[in-house]
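In the two complexes that follow, subunit A is the common piece, with subunit B as its partner first and subunit C second.
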Partner chain A sequence: MYRAIDTFDLSKHIRKILKNSGFYQRLNLQGYTTTKLSEETELTIEEATQVLEAVCKPKKIPFQTGTKLLQNERTKIKRIFTLSSGLDEILNGGIALQQMTEISGTPGIGKTNLCIQLCLTVQLPDFLGGVGGKAIYVDTEGSFSKKRCNEISQGVIEKAKELFEKCKKENNSKHNVFSIQNKQKISDENNSIQDGVLDRIIPENTHVENQITKKITQKIREETEKDENNTKEIEMEIENKKENDDENEKEKENENEKKGGENFNILDLQNINNLDEREIFINNLDPESFSNNIYYYRILNIYEQLSLNNSLKKILTKDPQIKIIVIDYVSFFLRQSFGDTNWNKYPIVSTYAQNLLKMANTFNVAVVVVNHLTTTIKNDQSELIPSLGKSWSQYPSEKLLLFEQHDYFAINSKKNRIAYLSKSSIKKKSSCQFQVSLNGVD
Partner chain B sequence: MSLNNLYTLLEESNTKKEILGEVSEKGPRTVYEFIQDHLSLKTKTRYLNLTSKNCEEILGTVSSFLVREPVKVSELQTEERCLSVGDRSLDELFGKGIPQNGGLIEIYGEAGCGKTNFCLQLLCQAQLPKIMGGFGGRPIYISSEGYGYMDRLLQLSEHYSEKYSDLFKKSEDLINEIAVESVSSIDQLLVSINKLIPNLEFGDYKLIIIDSIASIMRVGTDQAISRAKILLQIATKLKYISSTFNIPVILVNQVSSVIREEVNLNKSMYDSNDPFLLLPSYSGKSTPTLGLVWSNCINTRICFKRLKRKVIDPFQNNQNTALRSMNVVFSSSMPLDQKYFIISNRGLVSYEFQKGFF
Partner chain C sequence: MEPLKSLNLAIDDSDLIHKLETINITTIHGIIKCDVPTLCNKLGVEEEKVSSFIEDILNTLRCYDIRGVDLIDHSTDLEKRQQPNLLSTKSSTLLPLSKKSCATVFATETPIDELLSGGVRTGEHTEFSGSSGLGKTQTCFCLVESLLRNDPKASVVWIDTTNSFSASRLKEIHESKCLKKNLKEKDLKCDIYDRIKVFKAFDVFEVYNILDRISDCLSSGLQKMNSQTTFGNGFEELQQQDILNLILQEPVENLHFQQKEKGSKNGLEEEIIKEKEDEKETKNGMEFEISKKEKEKGKVKVKEKEFQNDFENLISTKLIIIDSVSVLLSPLWGRSQRFHLIMDSFARSLKELAIKYQMAVLTTNSVVEERNGAIDQKNQPNKQSTFKKSNIIHLNPALGEFWATQPSVRIMFTTKLSLTKKTKIPYACLIKSPRCGQIKPVFFSITEKGVEEREELYNF
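For the complex of A and B:
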């Protein structure tokens, strides 16, 4: 009613005219039609319609009930697992969809490797525990190499095969594998420790782990109910597809015998329900099966980075299968000033982050952001904190800090790599060890 | 179409006439200016007749223009051409050699450990044809260390012209192909990089070596904040060059010593925030200069060390020479590895403890 005309989305020119003619608040415009308005003021009819549309149209603010949100969370907000047992545990299953996760760490610790691994694990199908989606990789520093991506995909394929074996043992191929993973871990603790992997889990966490298994078994019950309803439809579809697939495969085999992996796009595995077919598929996986589903953007300056942010809506509507956006070193350009003007980076950083969150929510994708570490002085001591300041730090819901720690108790003063969850909406702060090897992050 | 002109861009994308009118009269000329203004919230004051929705529309067209087409990872090249370092065993440290898309590669070490020698050898190697492990092109050498390297460069070039006598008739042929720039401060470095960019488009130049980035940076700024900005600026420019023209950039850094506090064993794991403990460096006693900001900008870091042990050089009358090592501290594409070598009159020769020389 009393809302000032200044606050509506009108151009300065129109607002000036309205003020001069005595229209200050919304109630002043009650009962005006476009012709009457344009007569009394100097506005044209077009401008008058603009004014009335902007001011007098009631805007509905949609709301959701709490139960709907909870349902949403249980079904939609899945987690993208990293296939590294320690990291999956501290992250409560992996990187959450619809949220922004920040990864920061010292140079060379394995942030880029972890991001590449996430782009690959996101593609794994439902029944192995993944989300079956594509990935966008935004590279600002040029550290993405296809050779490394292929090496890590070999590692992911090995782990996927292991998961599938466990899946088969469970007899029901539609089970979500999280329960199996957890059971395996608990028995592993009692049995043996693998070569070279020191799995130091802080004892306080086991209590929380039991809660997680309860949540996960609940999830599985709901999903198996849904799956049973869908199986009949899918079986019909598969029979039709089998005929088509056989023809296509024969054609492709005649053309390229070397590029075996391209025929087996990992996302197709989602649609196959027959256990034997799945086995054949998984045994034929190749790094090429994964590389077709990652979109790679190389960003060379801040304008490109901001433009990419603005075009995300278009990109995500074009391909709704995208489930993760990884921005490697979001802070590289945002930390610099550009042009001659002294620009205040905080509003820019805020709008950038807000847009990312909006995209994450609307399109149900996970946003992973890699940040620099910078020094700050706290209590006369220098400390390392993620860069971009406090205005950025409120946007990510989960923050992971990766660093190296001297292992004073080891014989050859070896350095261990530690991942520390410093902020999370669900779990409390915890840490774990991890390793980076030829086949990825472990 | 001129790449940056805002008016022509909007015209081609069919924006409304009113918006076009405003932009042509008072608006910014280039696309970049528009983004700058929009972000500093100047657009509403500059243009009288544009609503925020219109501004967003312009921003939309501008953004979709600036964003490139994405490349699927499957379309990226797997096998990059690699530059052989001159010795097959040392090449294994890098995979097959220094890759073309290696980005910014930093080598650091104390004085006299062999960094400049390594660079000079690369200057000769880069000129070899592709079949023999070179890039088949001219290298660029930006130096801040005076001309003291010339003697060693002459020696190396003589060795190369003898070894590859079909390709290089005189040793001067090798030296003439190297583009040398001598800089002594940050401004000069920026100027020479800007000069380079138009020349790079012809495709002649295949390697850039900057010796040494540390001494260039130490002259001038003292404040940490402005130095960080300059480092980021230079890194952005170098990355742009490296990525657009597919040229590796090798930077030479120096070391500074670290004074460490007594390590308190009772501190819990998360409290140890000493930045020097966390900065990766191979030797515990010295750390590369330019700090954390620079460490975040480079893609690969290699440490050179001169060890105390001496070995006999079979190529130089069995003289005693110091054993040296180079190892990868971190890299986005190479595994962590270490190789030993000596510096002989024919360049770097790798050494393995049981097998001896290659």
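For the complex of A and C:
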């Protein structure tokens, strides 16, 4: 097939050299070896190999057939539940891995609470139907509070205990304990598939290398101090800073090794099959162990946000246990015009979103994105829609809209909180009520 | 002044081209202009060979004239719609391009068929545009499901750019459709899921590679059918250096070169001698690896079979869906010149696939908001009315006017407020079509069974 040199993923410099020496399309390069190409053009041998690899080498592109995908969707637990019955129902069992989910809503409706709760429920182990992973929390607005996190984690622990009791009652006869959700899934399938499911749900031996204690409050202090000092040359220094942070982490890891299991980590106890041990595990859950598994990033400007996005790949390869990335207000910086720069906003937003999707797919991570609401006037009527416009709205595959509605039947004109699923490729659009209490989102 | 190398002739004339290069004839123009007998004397080749070579070139470059009678679109005939026309690939290569363009119609079995005047056609680029959550992807699911159910041999390539493909949703639609048509459980085929290939791509260049691979497979498939030669014939374009690289780097992975490699081993060795001495060591390594491979032949055969299965599945591709195209192209927006070039060639390669291999191409596109009030503001003296007019928002498909010329059929998904002004009703309308389609918008609703006609049409 005809293909011009410009349509290959080569740098501007290389493309210019190639065009100057008369290579305009792929067929022109036919029959060239690396040495021959570098002799005829100004390209170095390395560049020439790069060119030939990009242009002439046939690539092996992986694809999945529908049956394989169907099996994956059945057997692997692909959703992180919210532990709020209404939300779980409209979201078809929780927030999907490998996908981007958008949560948008009016201020004070409970978006941040929901996000914190998701960071905690991610860590629940396999036998409760959870994913058993870590979380990244990217905070642009500064609304994350340690205290609230502790309160919610207590709520989560209570719910986890309830869930465990339920599981125990239902599975007295069986050796393995499954969550209710899994059981429902299994009952839908044929018996032949059931065996396969059983094999898969028994958790693999996940060896947690070390306990990484990263106390969140301490982290905030460190970051803010550093940021106050260096506000100008940010982009260069962020990476340095991250390296520093990594070093800090390592030091902390070493410290923990010396302590030798004094601290209690949830993720250590993933592979318990014994009922009694599980019960002990459930009873031993405490808020501190939950917050240890949340990586917290405080973002202060657009440069930091973009550079964090670029270094996500590094972070995720380093710790494959991360299963959720929460970005509390993506739109906080992105929706402003970048005052002092001449950047075009549109390509930046779309590359940002594309990278997030790529990470979600390659590392099997759920991406949750919180968005502002803006008003538009359409046909002389005002309307609340998520910000960042239509170009952003195509990226999230599931969208959740949180808003308040007057309850006309209540006496003291109480307001109800309502969640509405406005986009999904699986479930029908539907809404439900929810509440925000001391112990999280119900 | 096209170079001779750029011709993809059916007969292998690389020796002759090589000889011609020695007397500085490299272009088509050069060989047609020169005198045949003198040229034969110079080269020492038989006259027949050269003249047949020139005839071949002229045949490939010739424009065929076709009468309008041959072009009449038979696709609206009911018979053909019920029995999808399985094009025999053998005949399609022998005929000139437009003669084989008796398009088959793939019905989506949704109300949107009315706008498409039957369904999505082969050889055409169709586009669904609309804001998110209105049912573009759902309509694509319906189309895929009905195509796979009706045509037991066809397969579909789905290029997913937003991770929104869901096989369980496809299953749901399939089962409900089968129930509706009173099909027995035997007809609930599992193999429809086998025939859909889902590629995940987050980059235009990745999609280019996917399209390249599909066209490679198809072109080699056509050659295979025509000449009954061995597998792997389609990779003739490959350079020898590449084969060397492949053998050195990925000994087991790229198996289809194994057969090729045996034939060209002598050629390879010659090349290696020409190369610098340093590479002699690697050559030894290569030979070692080859012998190693022969030991692993048993394993290799299994893998080869797998690959061949994939390959054969791609041959029968009848539909390519890219969901969504604006996600791919929008990151390049800022670099305007290159952006246009890539967008142009991307659309062209899609169209080439569609016409050359008789498949349908379907893309989805998002929308952008445009305020068209700027001109009105100057003309209107009354300030209050101008304020109103400037706030009228038009929804246009994304990627601008440039992209608008590329797809031949475009359908727009939008919403409309109901009369009670409480709910939004989705509907679709036709923007562009080469046929006289239905101009009235079509109202629909999304249910478990896919996209269906709206029942409570008169209630709002």
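Note that in this section the second predicted complex is superposed on the first by the 304 of 442 C-alpha atoms of A that agree within 3 Å, B and C clash if a C-alpha of one lies under 4 Å from a C-alpha of the other, contacts with A are read in each partner's own complex, and residues count from 1 in each chain.
One rule holds for everything that comes next: contacts are C-beta pairs under 8 Å (C-beta built on N, C-alpha and C of every residue); 3 or more make two chains touch, one makes a residue touch a chain.
Keep in mind the model is a prediction, meaning the values are calculated, not measured.
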Let's test your reading of the overlay: on subunit A, do subunit B and subunit C clash or fit side by side? fit
Now for A:Y395: first (subunit B), second (subunit C), both, or neither, which partner does it touch? second
Regarding the shared-chain residue A:A360, is it in contact with subunit B (first), subunit C (second), both, or neither? second
Thinking of the overlay built on chain A, is A:S425 touched by subunit B (first), by subunit C (second), by both, or by neither? second
Between subunit B (first) and subunit C (second), which does A:P347 come into contact with in this model arrangement: first, second, both, or neither? both
Determine, under the contact definition given at the top, whether A:V51 touches first (subunit B), second (subunit C), both, or neither. neither
For A:V326, is the partner it touches subunit B (first), subunit C (second), both, or none of the two (neither)? neither
Would you check which partner chain A:D6 touches, where first means subunit B only, second means subunit C only, and both and neither mean what they say? second
State whether A:L27 touches subunit B only (first), subunit C only (second), both chains, or neither. second
In whole Å, what is the nearest CA distance you get between subunit B and subunit C after the fit? 5
Starting from the residues of subunit A touching subunit B, keep only those that also touch subunit C in the other complex, and list them. 9, 344, 347, 381
Subunit B - residues contacting subunit A, complex: 31-33, 35-36, 39-41, 44-45, 48-54, 59-60, 62-68, 70-74, 76-78, 80, 95, 99, 101, 103-104, 228-229, 232-233, 236, 239-240, 242-244, 263, 265, 269-270, 272-275, 277-280, 292-293, 295-299, 301, 329-333, 335
Residues of subunit A touching subunit C in their complex? 1-4, 6-9, 27-28, 30-35, 52, 56-61, 63-67, 69-70, 72-74, 98-100, 344, 346-347, 350-351, 354-355, 357-358, 360-361, 376-381, 389-391, 393-397, 399, 422-426, 428-429
In their complex, what parts of subunit C are in touch with subunit A? 3, 5-6, 131-133, 137-138, 161-171, 190, 192-200, 202-206, 208-213, 215-216, 235, 237-239, 241-242, 245-246, 253-254, 271, 275-276, 313, 324, 326-327, 330-334, 338, 341-342, 345-346, 349, 352, 366-369, 388, 391, 393, 395, 398, 417, 421, 446-448
Could you pull out which subunit A residues touch subunit B in their complex? 9-13, 106-109, 112, 136-137, 141-150, 262, 288, 290-298, 300-301, 303-304, 306-311, 314-315, 329, 332-333, 335-339, 341, 343-344, 347-348, 372-375, 381-384, 403-406, 408, 418, 420, 431, 438
